[in-house]
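Next, two complexes with chain A in common: one pairs it with chain B, the other with chain C.
Take a look at the complex of A and B:
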């Protein structure tokens, strides 16, 4: 069967049985859970240290009411970063390349921040739609612009993650195909291209981690405005 | 390397906030004190949080009323056209 460039983004199935549920729950199986021991093993200790440091850094700008979101934001970060890094393995499906999944994460969480803001502090939430000291003539225009920018936020969140990962995977596949084809035709060029592929893979690992962090950081910023 | 004159961390979530913060720090722009605002400006201004909220609500109300009037006018025109063809 001839594969196209975009077949790597198709939802995985084996003999007609969809494997998407396994793809989505795999990080849960991989990551160690805390035990009731006083001292865990090295991996669990390292994981706990990372989670505590990350949660502390993420929640520092938030007030006490925002600390309730610690579990949601930290688990979201770990989930996305694990899915992204696992997707870098060859022949592995990356669920975060699907726009449906990323919008499914972005829209409800963004909406929750907006509804929380309107419910708890409606004056501040509505007041943020008009910047301080705006000239009178520009008030209606800026309100409309800020409203549009408010509604574009979840789209931007979802599409940013999808586009970054999809583009990275496509680029890696293209360059890997080029290396494969050039190996028999021009081996020196193939060697240079394989060095480029190695550097690109390292870049994609960084992008995978950074995009997960950016997703969660932006959500915490939206929460900061509304809580 | 020249450093930015902007001292305080500016939130990147809004273009409007960015402009306002840069203006405040570069030009020292201060709004009038709330007690000095009189009349309609006391309730609709871009300096106090209540004023900003009222401006937002007024803008949304104008847009909503305009939209309702437009759709009602369109419906009335369709009914008038249907009556004239009958």
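Take a look at the complex of A and C:
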């Protein structure tokens, strides 16, 4: 069967056995768990240093009640970043290219922030629907617009992550195919295109990390508004 | 039996590949009974040696007796050639992606690897240094306490000298006091005696004066008027004679 460019995003299966579960557990397998030692090896030390710094920086603008979310947000960040970076290796499947997965991560977490806000501080939560100092004439329209923007947030979160990663992977496949084909036809053009491929690889690595961070940062922002 | 086999094979893989280490980590979290916790095997301080970043040194040592130095490389080349010629591995665009991603990873590791490793080592060293500092501080304070105690003991030894000096002081003060009082007594007695002497002198003097006055009075009262006239006439004749003698002396 001829492969199209979109077949890399199909859920992987081997002889009918879905491999998505293994793909989803890779971050857990590959990253070191916390040891009971006082002095760890380099990888564990670096990991714990990074986690401490990241958690500290993420939770700084949040008040004390928001600190309960530390574990969720940090582990989410590490999970998404590992999945994204692993997906850059050849012949790997990136679960975060699936819209279902990203919406499955975004909608519950966003909904949790909204429900928390409405339960604990309903006046403040509803107050966010009207920005400061709007002219009285615009109030009805603005409330409708703000409500729409509120409900579009989970969609935006999920689709942002999906679109970025899918687009990146697609581009890499396209340009790699172009280089592959051009090598026999016009080698100098192929060289230039391979330079483009190299730059794109760098971009994709950056995008992988940044998109994960943006996902978690926006969630913490929504939390800040509501807690 | 199969689980033991898997653990053994996982242990063999644990040297350098991250997947091997990850498998050991994952299986270790499933071993929760206390029997598997002790004795904990000590982890090596540094990872085992690898060649070209991923191939463990043990592989080269394994093949050295039979195939020498170039053995593993021939094995690698042969394997790759076999896979390519039999089209077990097809070169397509993913290969190019693998090449670019691989080159980026290799470049990053070569460039930033040593500094990241040094940073991780420094984090651990700082931990050790902090604990060492606490320990050294405790040892220093205890040594200082020992020295202070010794000094106090030496001070206690010297206390008897201090008491002797104080005793001497007190004895000197007592002696001085006694001598002062002695002086005072002597002075007082001398004063009393001087008074008596002065009293006697006064008495003698008064007696002498009284006697002189009595003698004078008697003498003056014994001079009769007849005697007085005769003495006055004699004095006048004497005076005249003297006057004549003086005048003659003056004229001569």
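To be clear about the criterion, the second predicted complex is superposed on the first by the 227 of 227 C-alpha atoms of A that agree within 3 Å, B and C clash if a C-alpha of one lies under 4 Å from a C-alpha of the other, contacts with A are read in each partner's own complex, and residues count from 1 in each chain.
Assume a residue touches a chain if its C-beta (ideal position, glycine included) is under 8 Å from a C-beta of that chain, and two chains touch if they have at least 3 such contacts.
Small disclaimer: the values here were computed from a predicted structure and weren't measured.
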Which term applies to chain B and chain C once both are placed on chain A by superposition, clash or fit?
-> fit
Could you tell me if A:143 is touching chain B, chain C, both of them or neither one (first, second, both, neither)?
-> first
Please work out whether A:133 is in contact with chain B alone, chain C alone, both, or neither, and reply first, second, both or neither.
-> first
Chain B versus chain C as contact partner of A:225, first or second or both or neither | first
Give one of first, second, both or neither to describe whether A:202 is in contact with chain B, with chain C, with both, or with none.
-> second
Touched partner set for A:14, first chain B, second chain C, both or neither = neither
Given the superposition on chain A, what is the angle at the CA centre of chain A with arms to the CA centres of chain B and chain C, as a multiple of 10 degrees?
-> 100
Go through the superposed model and pick first if A:123 touches only chain B, second if only chain C, both, or neither.
-> first
What's the minimum Cα gap, in whole angstrom, linking chain B and chain C in the superposed view?
-> 33
Take the contacts of chain A with chain B and those with chain C, and give the residues found in both.
-> none
Complex contact set, residues of chain A against chain B = 122-124, 126-136, 139-140, 142-146, 149, 153, 218, 221-222, 224-225
Contacts from chain B onto chain A in the complex sit at residues 11-17, 19-20, 23-24, 29, 31, 46-47, 49-50, 52-53, 55-57, 59-60, 62
In their complex, what parts of chain A are in touch with chain C?
-> 28-33, 37-43, 45-46, 49, 88-91, 172-173, 176-177, 179-180, 194, 197-198, 201-202, 205
Residues of chain C that touch chain A when the two form their complex | 18-19, 21-23, 25-26, 28-29, 43, 47, 92-98, 100-101, 103-104, 116-117, 119-121, 123-124, 127-128
